[in-house]
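You will see two complexes here that share chain A, one where it goes with chain B and one where it goes with chain C.
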Partner chain A sequence: MSLFLIAALPFLGAVFPALLIRAGRNACSWSAGLTTALALVGVLLHAPAVMRGEVIQARADWLPGLGLNANFFMDGLGMLFAILILGIGLLIIIYARNYLSREDPMGNFYAYLLLFQGAMVGIVLSDNILLLVIFWELTSLSSFLLIGYWRHLPEGRQGARMALAVTGAGGLALIGGVLLLGHIAGSYDLTVILQQKDVVQESPLYLTALILILLGCFTKSAQFPFHFWLPHAMAAPTPVSAYLHSATMVKAGLFLMARLWPVLAGTPEWFYIVATAGLITMVLGAVIALFKDDLKALLAFSTVSHLGLITMLLGFGTTAAATAAVFHIINHATFKAALFMTAGIVDHEAHTRDIKRLGGLRKLMPVTFLLATLAALSMAGIPPLNGFLSKEMMLEEASHTYWLDNHWLIPVMVTIGALFSAAYSFRYVVHTFLGPVRDDYPHRPHDPGAGMWLSPAILVALVVAIGLFPQAIAGPLVHTVADAVTGQQLDHHKLKLWHGVTPALYMSAIAVIGGAILLAMHRPMDRAWIAAPRPEAKAIFDRLVGALTALCRGVTDRLHDGALGRYAAIFLAVMLVLGGYAYATGTTIGATRSGMPVTLLPLIGWICLIGSTICVVWFHRNRLLTLVLIGVVGLVVSLSFNYFSAPDLALTQLSVEVVTIILMLLALNFMPKTTPAESSGGRKLRDAVLSVGGGLGVGGLIYALLRGDSAFPSISAFHLENSYKGGGGDNVVNVILVDFRGFDTFGEIIVLGIAAVVIYAITEAVMQTGVRAKLLNRVPDQPVAGDAHPMMMVVVTRVMMPVALMVAAYIFFRGHNQPGGGFIAGLIAAIAIIMQYMASGYGWATERQRYPYHAIIGSGVLVAAATGMGAWLNDLPFLTSAFGYIYPPGLEKFEWATAALFDLGVFLAVVGAVLLALDSLSRYAWKPHTDTPYPMDINPARDEALAEEGRKA
Partner chain B sequence: MNMELLVASAIGVLTAGGIYLLLRQRTFPVIVGLSLLSYAVNIFLFATGRLTVGAPPVLRDGVTIYTDPLPQALVLTAIVISFGMTAVIVMIALSAYLSENDDRIDMTDRVEDDA
Partner chain C sequence: MEQIFDILAAIFLVIGGFFGFVGSFGLLKLGDPMSRLHAPTKATTLGVGGVLIASLLHSFGAEGYVSVHELLITLFLFLTAPITALFIAKAHIHRHGDDYELPPTGGDASWAVLSDSEEEPVKTD
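And now, the complex of A and B:
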């Protein structure tokens, strides 16, 4: 089975439980289980080849420019983890089916679980470290969903948030580290990076990359000082704890350290950071675990401790230690997952996990007792169980490792760690299962059905089997994986139970006997522990997060206090400072072009423009006057476009001007007609300084531009040259719009359409609120004309309508060769229709409006798109235009161009957008009872006809 | 005194007026200010093609000197888009005024009123 399919299967499978939950809980869990089983089979099919030392690969380019490719590979290490993830995943799915109660949404659970599983499989099979990081982040997100699965529990939500914050922050560090590593190695493919040990370790960036990557690993694998999140994540349902927090997610950090071991390990930096963090975590976790009363908290801290152990082994940097680490990963996954499941069974049956309320379960739950005892003894390191074997290997390695030339420190510390480990393992069994049967359990416990104990039983069977026959069952796998981790062909000693009397055996014996003594003294020690002051990680974390939140909120509130005017002022001031800085430090282009002499006409225009602009500002409180004055400005602007050889712009500006003024007048109808004087003198001065500064800057910049030549030749010559040859049109501006830069125009008509739809949506939303009633009862603040629809206006607009439309058509058709085109024609047509609204009222005009404006916008965009796609039929890129000439009999030469069809799309979109905007605005003014069936209020002809009828009657 | 200075000063005055109105406290002057600023920006972009009189970019036989067509094409769509933008802003301002009976830009006072 392709690695792509193996990696994709859990993701594909995540859909089924979410859908099949309607078909019942069994269908839901079966779909999850079968997908997992299928992926597991896929991995196992590759097993023989991997065991022979082959590496299975699957490669596909994704974003090769970024070095991000969907490359997967599976060697021994990847395969071991894939089997752990999928195999234990399968057991968890079976277990969870019976664990979850009826109220729990099972579809969600399995969907999250499979998402997580897919992300984990992705991590362990990725060949590309960027891809690995993506999956890494996915595990953080999906584990957040799983930990917070019981969303009604505050501990669940807080635990999930803490886990996400810590692992997410580590993930960010990891991204930095991975990018550095890829940069050093020159490739983001693991298979390449793993060959570059010397390059990486000699690089000056090595330490930075190492620390960043280790931050990611340590947060994920709950290493000191980031160990605190794991116990809080235990608020999750037990199947999640068993899966994420024993076998998989917390091992992702270990996996990455093991994966990068060949390039990163072996340096003093690696040893002191990794081995020390691991050692501290191991001892600290073991000590805390002994004093936890919650079964799951005990197991959580024991997990922290064992992860520390494995981290320490990887940190030693020797091949023998790496082999021990691999073996312990396997063993820990088996006994710890089994222990979590037995803890879940106890919780499920006795309705409590508090060890102080338990005891004596041996007689009530014999099966659970047996499984828990075997797994716990393995964790304690009792022969002949598998935990003993790897612990012996660890002790052996530790016994001859020096820390700063001190050969006592590490052996003593690991013995203490092992001692506490034995003690809490014994406590888990003794305080839960042994002792007298109590009569005050919250719920009378008994052994559950096989569905729940089957999964841990399978794992415990492995615990025993590996312990008894290590070489036969686990030997080849451990050797293959160890080769993969170290990147060497190692000489392997056979795994065996009895190594003779070695220092490790003494240390082991001390640990077991000491552990038993510690347990006997547990009661007084527990009292001392409870009385002793100690830092509470959650409180520290909460305070830290609270302080950060308060800081951010303080900054945000001060900056964003809603004073929008001040934001704009700050923005402008910054722009002015930057512009001033650029002006002061940069060089200016000299005046290389001679100035054009001033003639009378432009001077008059200039005086009009400056005068009306100053008046707009001066009289801006009188809003109606402002509109009149701004109309003057717009008119002069369009005239000056015309004067400076831009007839198309002049036409566009003129027609836009009309529409804009109508729009603003409509809006002003509902708003106050004056602006109150409320700016203080200081504020006016500030604004005056900013605006004069801005005006001087912009004016000076364009003056420099106008008098100087461009540094590079303009691309305009190309357009002038090819306008007729390539686009078939004489009007270069229009050809640019519909042909050269047709894609721009296509985007712009879409933007225009969106703007119109936004306006429509705002109106709709506002009309749903109380505004509608307010508008209906509104009393106009100005006298209303008695004749709302005057006869003169109606008659003139009716006569004008066909003329205006004819002009629009003319402008449209000549646009390709003469000033004009779809934009201008669309505006003119829109104005012609708006005039009908103005003359006879909204109600009358709407009744005669046959096509909704949304549809007109949409059809415009579609026509333009279809024209563009037409080019595909000829195997040309999108929007390549074609043109030709036809000679209709009796008429002049007529040009036929696909660009005209595109322009039709522009035309329709503009008409639709303008009308939809104004139509939406008009709906505010519309009142039901003001409608008349007549186009005008006073109509002598109608009066006469009525009189005639009256006479007849 | 030359034509370039005329155009540049006009752009400068439009910009200054636009910025001043943009910094007012009510929606309507801000919209007007934005319109002035749009004029300024459109003429600015147009003027980057330099000023030419009597040479529109419409090809004719025998004529070789044309003004730069590219800024014109860009400004043409800019004019239409700025209409769309103005329309949306007018609509937002109007709807906000109708809903809240207040056309002030700053939201600070209102918060204090509620408190």
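And now, the complex of A and C:
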């Protein structure tokens, strides 16, 4: 199976549970499970080749200009993680089917889970480091959805937000880091970067890149001092915790450190940052875990501790330590996922996770007890379970590592860490399952059905099997992965249970015995712990975020307090300063073109323009008058476009002007007729200075552009030359819109559609609130005129409608060669329909509107997209236009062009967007019982008919 | 032949120009708004109409083809000019109807603009 498909499968599969939930919860979970299983099979099919040391690759160019390519590769490390992600993912899917209650939206859950799974698989299979970062961010986003899955719980929402903030911030640092790394190595492909150890480590940017990348890894893997988000993410449903915090999300940081180990590791900087952070995290996490009463919090801190352990091993920078890290990644994934699931079972059955309220479950839940005990003992490092093996390897490595020439520090610290680790593992078993059966459980627990304990049972079987036969089961995999991590062919020792009497064995024994003693002394220590003051990470985080928010709000409020005047003033002032700076420091190309002679007609137009502009300022309090004056300005601008040989622009401006004026009339309906005088003299002066300065600046700039050449040769010549040859049209403006810059236009119609839909959505939202009541009870400040829909107007607009639509069609079809095109035609068609709204009333017109405007917008975008994709059929890039000529007998030569179809898409999108926007705004004015079945208020014919009927009766 | 079209076109241009002038003059000179309303409607129909006919004749006589654009423009003008005038008049009655006595409508109903908006269902767009 291609790596593309493996990486894409979970994303594709995410659609199914979301849809199939309608077919029931079983169909939903089966679809999720089968997708995962299929991807897992795909990975396993490559396993023999990978175990032989081959590297599977799949490459495709995406954005080669940025160095961002869809390159995937799978070596031992990638395969191990892919198997963990997909394998444990599959078990989680089975477990979650039984864990989630009927009220939980299961379709969402599986869809989020598969999205997350896809992002994780993407991380571990990416060859391109930028692609890896994209998947990295995707995991942050999808894990946010998963952690906050129970959105009705405030802890869930807060935990999700904290996780997103911390891992998202780390992700930003990571982007910087990988950009630097790629810059140093000269390539963004991991396979290339991994060969460049010397270049990278000698670079002066090495330390910066290292710190940035490690920030990303540490936040993701919850390393000190970023460890605090992980326990709060425990508000998620247990399947999520088991998945995210055993095999996937938090391991992503470890994965990246392991992935980049060959280039980054081995320097003192790497050792002191990574190993120290790992050591602190390990000890700190283990100590806190012992005093947590919530089962999941205990496991969360133990996860933090174990992640620290693995980080520390990677930080040692030796190949043996890296091998131990790899082995512990496997072992931790197995026993920790199993432990989370057993904690979930206890919670599910006893309705509490509080250790202090549990105990004695051994007799009530024998199966769960067995599974939890085996997994916990493995976590404690008891032989012959797999946790013992990797912990032993870790202790062995730690026992001969020096920290600042200090021989004792690391061994002593790791022993303390292991000791606490053993203690909390014992506590998990002893305080939950042993002891007398209590009669005050919130819910009488018993073992759940096989659906729930099957998944942990499989994992526990692995825990035991790897422990007993390490070399047979895990040996080859560990060796392959260790080779992949270190990038060398290592001389491996066999994994075995008994290493003889070594320092590590003594340390292990101390840890286990000490752990048991600690547990015995737990009660007094717990009291001391609770009494002792300790920093609460969440409070600190909340204060930090609160302070940041306050700071941002302070700045934003000062700059942008909702007063448009202030906003415009700041904008203008900044532009003036920047423009002034540019003018003072830059050079200008003097006038190279002579001005046109001033003739009478343009002069009159100019006087109208200036005059009406001054009048707008002068009479701005009278809103209706202002609107009329703005109409004059728009008309003169349209005329001047025409005068400057831009008929297309003139037509567009004219139709936009009509629509805009109607829109503003609608708005004026709700506003007082005059603006109150609010500005003080000082503010008026400020505004005058700024606006006159801004206007003169822009005017000067345009004048300079009109008279002189730009700094670079203009692209116009190319367009003029190729418009007919390449685009098949004489109207260069239209060819630019539908061909040369067709992609821009495509984006623009989408934006236009979105804008219209947003207007609709805002209207909907506003109409749900108390505003609606206010609108309904609105008393107009002036008497309302009778006869709102005069007969003459109604008749004329109906006569005009086909004529106007014909004009639209005419403008549309001639657009390719003469002024016109889909955009203008769309506006004209929209105006033809708006006329009906205005003349015959909203209710009457809406009743006759058969197609929803949303659909018209959508069909426009789809038509344009389909036209663009048609080019693919001919192996041409998206939106390549084709045209030709046909010669029908007896008729003139006739041109056909795919651009016309694209233009049809533009036409539809414009019609839909304009009408949806106007329709939404009109709805503010709508009142019930104002619609009559008649389009005209006064109709003599109707009166006569009524009179006739009256006579008959 | 060509000259005949030229002469005809010139005559229509003069007619158009004259009515355009009369319209503008009337707009300036007539005293009250309702009378003043008559002036520009003359300018738009007869004045612009004359120019359009001249243009039609010119394109037929000098360029040798029948241009229908002018007909379409005439149609639009004939449709829009009365509507514009109607709305100006309606707005005027609505705003200043109390200032002077309106002539009787000749029926039971009062002037449409002044009809009670409570009685008549008011539709707003």
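Definition applied: the second predicted complex is superposed on the first by the 563 of 953 C-alpha atoms of A that agree within 3 Å, B and C clash if a C-alpha of one lies under 4 Å from a C-alpha of the other, contacts with A are read in each partner's own complex, and residues count from 1 in each chain.
Convention: contacts are C-beta pairs under 8 Å (C-beta built on N, C-alpha and C of every residue); 3 or more make two chains touch, one makes a residue touch a chain.
None of the values given here were measured: they were computed from a predicted structure.
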item: Partner chain in contact with A:841 - chain B first, chain C second, else both or neither; value: second
item: Chain A residues touched by each partner, larger count belonging to chain B or chain C; value: B
item: First (chain B), second (chain C), both or neither touched by A:678; value: first
item: Chain B versus chain C as contact partner of A:719, first or second or both or neither; value: first
item: Touched partner set for A:649, first chain B, second chain C, both or neither; value: first
item: Partner chain(s) touched by A:922 [first = chain B, second = chain C, both, neither]; value: second
item: Doubly contacted chain A residues - partners chain C and chain B; value: none
item: Footprint of chain A on chain B - complex, ascending; value: 1-29, 31-32, 35-36, 39-40, 42-44, 46-60, 66-70, 72-73, 75-77, 79-88, 90-95, 97-99, 103, 105-108, 110-111
item: Chain C-touching residues of chain A, taken from the complex the two chains share; value: 666, 669, 783-790, 792-793, 796, 799-800, 803, 837-838, 841-844, 922, 925-927, 929-932, 937-938
item: List of chain A residues in touch with chain B within their complex; value: 561-566, 568-569, 572, 593, 595-598, 602-603, 606, 609-610, 613-614, 616-617, 620, 623, 626-627, 630, 633-634, 637, 640-641, 643-649, 652-653, 656, 659-660, 663-664, 667-668, 670-672, 675-676, 678-679, 687-688, 690-692, 694-696, 698-700, 702-703, 705-707, 714-716, 719-720, 723-724, 730-733, 736-737, 741, 744-745, 748, 751-752, 755-756, 758-759, 762-763, 765-766, 769, 771, 774-775, 817-819, 823, 827, 910, 913-914, 917, 920-921, 924
item: Interfacial residue positions of chain C with respect to chain A in the complex; value: 72, 75-76, 79-80, 82-83, 86-87, 90-91, 94, 109, 112-117, 120-125
